[in-house]
Structure formats: C-alpha cells, structure tokens
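Read through the structures below before going on.
Common to both upcoming complexes is chain A, partnered first by chain B, then by chain C.
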Partner chain A sequence: MNNALTIEKLSVSYDNKEALKDISLKIPEHRITAVIGPSGCGKSTFLKCLNGQIMEENARVSGKVTLSGTDISKLKPSDLRRKVGLVFQTPAPFPMSIYKNMTYAPRYYGINDREELKRTVTEKLKLTGLYDEVKDELKKSAVKLSGGQKQRLCIARALTVDPEVLLLDEPCSALDIKSTSVIEELLLRLKETYTIVIVTHNLGQAARISDMTAFINDGRLVEFGETGSIFKAPEMEETKDFITGSFG
Partner chain B sequence: MRYLQDRIFSFLICAFTALSFVSLLFVIYFIVREAMPLFSEVSPGEFIFGDRWMPIGYTGEPSFGIFNFIAATAAVSFLAIIIALFISIGAASFLCLCTGEGTREGIYSVIDLLAGIPSVVYGFIGIVVLLRIFFRVGVHTGSCVLAASILLSIMLLPVLISSCCESMLRARDEYLLPIKALGVSEWYGLATVIIPASWKNILLAVIPAVGRAMGETMAVMMVIGNANLFPSLLGKSETIPAVIALEMGTAVSGSTHYHALYGAGLVLMVMLFVINTAISILRRRLSRI
Partner chain C sequence: MRHLSKLVKLWAFLGIGITLGTVAFIFLFIFYEGASVISPSFILESPSGAILGTEGGIFPAIIGSLFFTGTAVAMSAPAAVAAAAYITFFCKNDRMKVVLHSVINTISGIPSIVLGLFAYSFLVKSLGLGRCILSSGTALAVMILPFIEIRAEKAFGELSEEMIRSSDALGCSRTYMFLKIALPSCKRELISAVILGGCYAMGATPPLIFTGAVAYASVPESIFEPAMALPMHLYLLVAQGATSMDTAYGTAFVMLALILILTIIARALGGFRK
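Presenting the complex of A and B:
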C-alpha cells in the first residue's frame, strides 16, 4: 500500500498557542481516512496544513508534509491545491449556473474546448451522483439546489481539477440523514480514484465509511490505525473514553 | 406596566411612521399643486421637449422648455454614478483583499470625513482645482459637464465605497476560501465571483446615490457653467436643481415662471422615481440568476 501523504512532526501554533503538536502519520492511497476528536482539538487546522491554506494565516508551522514524494512546501500554492482539494462544512456553490460552477476551475486553468469541458462536467457530476438529478437543468442557478445537492456539487467542483487527494471538513454536519447517507455512498465510490481525508463529528460516519481513523485530542495525535481496531479495541484509554462518549 | 410601555412605544412608532409618510404626501401634493397652473399655459410636451427657456419675454415671446436641463441632470448624474462606481469597486476590492480589519476601519473613518464636507466647499475646490485643470487643457472658462460629474462623483464616494465594501466583504467571506481551495488566484476570484455576487447589494446602494446626484445643487451649479445648452462632455450646461436654485428667488410668486420652476421640480421627482424603479427591476432580474 502506497502512502499519498506523509506527515512528519507537524506542529502548528497560532499566536503562541499550540494547535497541533508533533503529529506524524501516513495517509494511505485510495483509502478513506477519518479524523475525529473533540471540538477545537485542531482537526480543521490539520486539514489546512495539507492543502497549504495554513500558510496564509498567521500561524507558525513546523514539520514536513510530503505528497507522493514531493515536499508540499516546495510546490506553488496553486499547484498544491490542484492536487489537494478541500470541501468545506457549509456548501458554497458560486452564484452562477451549475454548469458554470463546474467549468469555473478548468477554464481558469486554460481549458476552453467546449467538448472537453462538457465531458468533464458530465463525468464529475456522474461521479457525485448528481448528473441524473440535474442533467436537464445545467443552466439553473446552483444556489437553487437543495442543501445536499449543493454539497455534492461542491465535491464535484473540487474534482474538476483532478486532485489526487480530497479533503472534507465536516461535509455533512449541515445536512439531514438522507443527504448524509447519499454523500457517504458517494465517498465510498470516490475512493477508487481519490485519496480521501474526512473530518467528522459523527463517529458513526467514521466507523461506517473510513478505512483508517486518526483520533486527535488537544492538538496531539492520540491514536491512528485501522478503523475497525480503533473502534473495537482502542489501545489508549483516552480514545476509548472519546468513542464511548465519556467526553467531547 | 410592561404592557402599557409596549403600547405607548408601538403607538409612538406608528405615529412617527405616519408622520413621515404624511409629510412626504404633503410635499408631493404641494409641488403638484404649484406646478399645475403651468400646464394651462404650456403643454407638457412643449415643457419637457422644448429647448428654449425664456421665462421672461425681454426679447420675443416667453418660452418654457426644459429639455436641456433634463438632459443635463440625467447626464451629470449618470456620469457621476459611473465614475463613482468604478472608483468605489476598486477601493472596495483593495479593502477586501489587501487590508486587515484594523486598517480598514482606519480608512473608513477617513472616507467618512469626506461625507461631512459641505457641498459649497466641494464647489469651491471644484472651481480652484478642477476648473483650472480644464481651463489649462483648453476648455473655455473651464466650466463643463465633465467637471461637474467628476466633482459629484467624489461627493458620492463615501456612501458608495462603504456599501460596496460591505457587500463585497460578505461575498468574500462566503466565497474566497472555496475559490482559493481550487487553486484559483484571489484577484481572479474577486473579478469572477465576488464582484458579480455583490452587484445586487451594490445596486441597492446606488438608489440613494442617484437621488443624491440628481438633487445636488450647489457644487454642480458652481462648476457646470449654467448655460441652457444640450450637455456635452466639455461644454457648459445647466441642471434642474441649478435652474430652480438660481431663479426661484427672482421669479414673481404666482407667475408662469414660478409655476414652471415647480414644474421642473416635479419632472425631477418623476425622473428619480422612474430611475429608482428601473434599478429595482434590474435588481430583481439579478437575484433570479
């Protein structure tokens, strides 16, 4: 099993307050890795480190993140973000048509051939299961989609630049149960093609879809391993408390 | 006790609302009443489309045509709004992407100072600075429509900048991170997502700005030359508020001239109403996208 991302001794502090302390782990390719932990423990910060967004905030970062062999600090921010996509908690489709949302990034990167754009749109919408629902109204404003559809559109939009890794920061916490399970199914499909890292507050979700689970508490990586063993037989007392709901 | 307080409070609010509504109706009624007698002597068509304004018949027949004033008012306001919008969106872009909260507040307070300057002072600055420049480059006496538009646009800036900035900041907070997460540069995102998303709210701020622009009297009057000519960029002209301000003092109360000035005021009001309605329709169109 190859590793898509290797994180070594990663530490982050915001104005002298440590948010992440000395985190090292390897995220395997074509797997779903879940990141769990109590609120404020540094999960979002961890994702921001992986797509370089952290560099634009006033945070001090040390350690090294390698993306399939290259140190990400050596990559241009825009190149890094084409390889590592990020989907946010609140879906924010751009206020334009579904089609334009989907062609936005490819056109920025210089693809103007209509056929090619159309192919990308169809392919990515199909991947997210949105194609059948919207294929007759691609000209419709994306703002008018339902919450779950918006989030799937945002996932599809992140895929239009063909990333290697897809990061998701609590993508379902604003959605109902049905939309959530649609997204879970789609993530399971996507892992054939992409490496997925998902932050979630929903432990059930982590147990259902992820292959690997990382438990972060108070900025420390407490435990990292196969999801099955983390949930059934955690090695650390802290993990067990968290999973059984004693805190967080 | 609580109940009584609530009742009194809501009564006061209703009373004030009614008061402002009634006084608005009263103003309209008064203007219409004073303007009406004009139309028994001059037909509305002649009044609006005629370009000869000769309120007192020193030489030949008196004549009341305000077409040039209407055109000048529309031209000066339109140009001023366009210039001010360009500058405001530029300034707001800068404030959105290049400054932090602290700097932005500082710059805001400086811009707000601009709003407190009386319009005579703007007019004065217009004369000593703008007109001089126009004179240097060869405009006869320097007074012209373009000078008035530029001056007026500066007067519109404080309101427009702060409202552009407010709506763009809102769009920025919503879209900037997703834009950047696609690897797209923030300036490209600003131009293609954030500004288009803000148009609707920017137009909302344009409505009072149009009112301000079309009603502005003193500063415009001081630099536009006040000649009854069809407006051209570098030529003199005269706006409706300027005509009213310049001539109301000398018009004999009850004369046709007096009623014609009220008629001009009525036309100004109708123009404002039409333009505001047009902007509202445009906004509705935008929000359907």
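Presenting the complex of A and C:
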C-alpha cells in the first residue's frame, strides 16, 4: 500500500504554545483516515499543515510533510491546494449558481472551454450523488440548497481541481442524521479515487467509515493504526479512555 | 432594577422620538417655506435680479452641484473601495490594519474647512489648477473617502469567513475571490455607500468656498472651470438677508429633495440583500 502523505516530526506552535508536538505518521492512498481527539487537541491544526494553510498564520512550524514523494514546502501554495482539497465544517457555497460554484476554480486555472467545463460539472456532481437532484436547476442559486446538498456541493467543488487528497474538517457536524449518512456513503465511494483525511468529533462516524484512525490528544499523536484495532483493542490506555468516553 | 429598566426604555424612546422629530421638523419646515418658490422656471432658469438670486432660478447651481459631487465620487469611491478591500482581504499584518484604521479615522476627523484650505493652497495655488470643479472635487473626495471606506469595509466584513477560506482552499488568489465573489456580493451595499457619500459631498460648503464654487457662473462644461453649487448659493442668498430668503428656502428645498431621493435609492439598494 502506497502512502499519499508522509508526516515526519511535525510540530506547530503559536506564541510559544505548542499546538502539535512531534507528529509522525503515514497516510495511505485510497483510504479514509480519521483524526479523532478531544476539542482543542490540534486536529484542525493538523489538517491546516497538510494543505499549507498553516503557513499563512502566525505559527512556527517544523518537521516535514511529503505528498507523493514531494516536500509540500517546495510547492507553490496554489499548486499544493490543487493537490490537497479542503472542505470545512459549515457548508459555504459561493453566492452564485450551482454551475458557477462548480466552474469557479477550473476557470481560475484557465479552463474556459464550455464543453470541458460542462463535463467537469456533470462528472463531479455525479460523483457526489448530487447530479440527479440538481441537473435541471444548475442555474439556481447554490445558497438555496438544503444543508446536506450544500455540503455535497462543497465536496464536489473541491473535486473540480482534481486533488489527490481530500481533507474534511468535521464535515457533518452541522448536518442532520440523514444528510450525515448520505455524506458518509459518498466518502466511502470517493475513497476509490481520492485519499481522504477526515477530522471528526463523531467516534461512531470514524468507526463506520474510516480505514485508519489517528488519535491526537494535547497536540501529541497518541495512537495511529487500523480503525478496527484502535476501536476494539487500543494499545494505549489514553486511547481506551477517550473511546470509552472517560474524557473528551 | 425594574425602574432602571423602564428608565432606560423611556430614554431610548425619547432619543428615537427627538431624532425623528427633529429630522421631520427640518424637512417639513424647509419644504413648507420653500414650496412657494418652486416652479419649473426656478428649477430650469439661471439666477437673476438686482441682487443676484432674488429672481430667476438655480439651474446652474443644480448642475454645478452634480458636477462637484460626481467628481468627488469618481475620485473617492475607487480609492475607498480599494482601501476597504486591502484591509479586509489582503492585509495580513494586524498592526498595519490598526495603522490604516487610525489614518482613516483621522481623515474623517479633519474639519472640512481645513480640507478646503489645503485644496486652495496646494491645488489652486501651488499646482496652478485654479478655482475649478476639479480642485473642489478633490477636497470633497478626501472628505468622503472615510465615509465610503467604512461602509465598504463593513460590507466586505459581513462576507462569510468560511466562504473566503473555501476559495483559498481551492488555491484561487484573493484577487480572483475579490472580483468573482466579494464585489458581486457587495455590489448593492457599495453602490449605496457611494450614493450616501455623494449626498454628504453635495451638502458640504467649506471645501468649495476657496476652491471652485463661485457666486455666479453659467452651466459648467468641464471640470476645469469654476461653477455654482447649491450649498454655496444658499449661503450667499442667506448672507444677503431678507430680500432673498424665499429663494434661499427654495434652494434648500431642492437640495434636500435631491439628497432625500438619493438617500432613498441608496437605502433601497442597500436593503435589498437583507
């Protein structure tokens, strides 16, 4: 199994306060890796390191992140973000039509051919299972979609630049159970094409959909391994306590 | 505590009542006093009479005011919107933001007569532009810049942070985001801010006194000539005393009507999105 991302001795600090401490792990290709941990443990900071967003904040970063063999610090920010997409907790469609949401990034990268754009829109909306629901109203404002549809649109939009890795920062925390289940099914389908890293508060979700799980606590990687092992037989007492709800 | 709560409510209601009452009284008083001289000829003719302005109309002053306002808005709006965009989307240094806000607040505190004096000594005298619409328009532009900037910054600031970060996450530049998302989304608020800034400029007299407004001129044909302006004309009519008070009220009527119409348009545009 190849690794999409290799993280070596990654540490991050803000104003001399360590947010991540010496994290090393390898994220396998075409798998879903869940990052779990209590609030404020550094999960979101970890995601920001993977798409380079951390470099725009007043943070001190050390260590190395490699994407398919390339040190991401050597990549231009726009190139890195094309390769590593990010979807946020609250669905944030742009205030324009569904179609324009989907062509926003491709047009930025110089794709202006109408047929090609149409093909991209159709393909990515189909991938996220949204096409059949919106195919007759692509000109409708994206902000009028339901919460679950908005989040699937945001995932589809992130896919329009053909990333290798898709990062999701608690993508279902603002959604109802039904929409959450649709997104989970979608992620299981998407892992055939993309490598997925999902930060989630929902341990059930991590257990249901992820292949690998990383447990971060207080900025440290406590345990990383196959999801089945982590949930059924964690090696560390701290992991066991978190999973059984003793803290977090 | 209950008494205090009632007192605060009463204070708030009194405040609203006094504010609305004062504005309504001023408008009604001016419209009542000025209505008698309002006629097509007052709007469309030039001033005349042994004491200028006691007869005839105010057409050159209306057009002159539109020229002064248009020049000020054309110069100020792009700079104000660009400053607001820089502070909101591009400036990553918090200290720089504090400095820029301080500068903008300082500009808004400069007395307009000082701006007039600056425009007179720098533009009219040193640069040799002479008394003209451009000199006055520049002074007015500086005066309304903070007014537009603050409103533009507020409009940009109300855009969802996650939407902006989503654009960043796609690798798109902030410039692209600004052109494709921020400007179209805030279009109505920006137009509203610019119109209100124009209203502010239209009513200002001190920046025009030394720099471009004159007691009498025909309808201006370019921004390089002096012109009449409604507030200056009003000032001169009132200064002449009782003989021209009727036309002074008529001029004030037209000024307030223009400002009221523009304000209603601006508010309607600004309110649509909400």
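Here, the second predicted complex is superposed on the first by the 248 of 248 C-alpha atoms of A that agree within 3 Å, B and C clash if a C-alpha of one lies under 4 Å from a C-alpha of the other, contacts with A are read in each partner's own complex, and residues count from 1 in each chain.
Following the convention adopted for this analysis, contacts are C-beta pairs under 8 Å (C-beta built on N, C-alpha and C of every residue); 3 or more make two chains touch, one makes a residue touch a chain.
Quantities reported herein were computed from a predicted structural model and do not represent experimental measurements.
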Review point. Based on the superposition on chain A, does the combination of chain B and chain C result in a clash or a fit?
Key: clash
Review point. With the two structures laid over each other on chain A, which partner does A:Y108 touch: chain B (first), chain C (second), both, or neither?
Key: both
Practice item. Could you tell me if A:S78 is touching chain B, chain C, both of them or neither one (first, second, both, neither)? Key: both
**Study point:** Partner chain in contact with A:K43 - chain B first, chain C second, else both or neither
**Key:** neither
Review point. Of the partners chain B and chain C, which touch A:C154 in the superposed model: first, second, both, neither?
Key: both
Exercise for review: Once the structures are superposed on A, label A:P95 by its partner contacts, choosing first (chain B), second (chain C), both or neither.
Suggested key: both
Review point. Which positions of chain A sit in both the chain B and the chain C interface?
Key: 51, 53, 56, 77-82, 85-88, 92, 94-96, 104-105, 108-109, 154, 157-158, 160-161
Point to revise | Touching residues (chain side chain A, partner chain C) in the complex | key: 51, 53, 56, 77-82, 85-90, 92-96, 104-105, 108-109, 154, 157-158, 160-161
Study note, to complete from the structure: Per the touch rule above, chain C residues touching chain A in the complex are 92, 160, 162-163, 165-173, 176, 180-181, 184-185
Check your understanding: chain B touches which residues of chain A in the complex?
Key -> 51, 53, 56, 77-82, 85-88, 92, 94-96, 104-105, 108-109, 141, 154, 157-158, 160-161
Revision key, fill the gap. Listed in rising order, the residues of chain B that touch chain A in the complex are 174-175, 177-178, 180-185, 188, 192-193, 196-197, 288-289
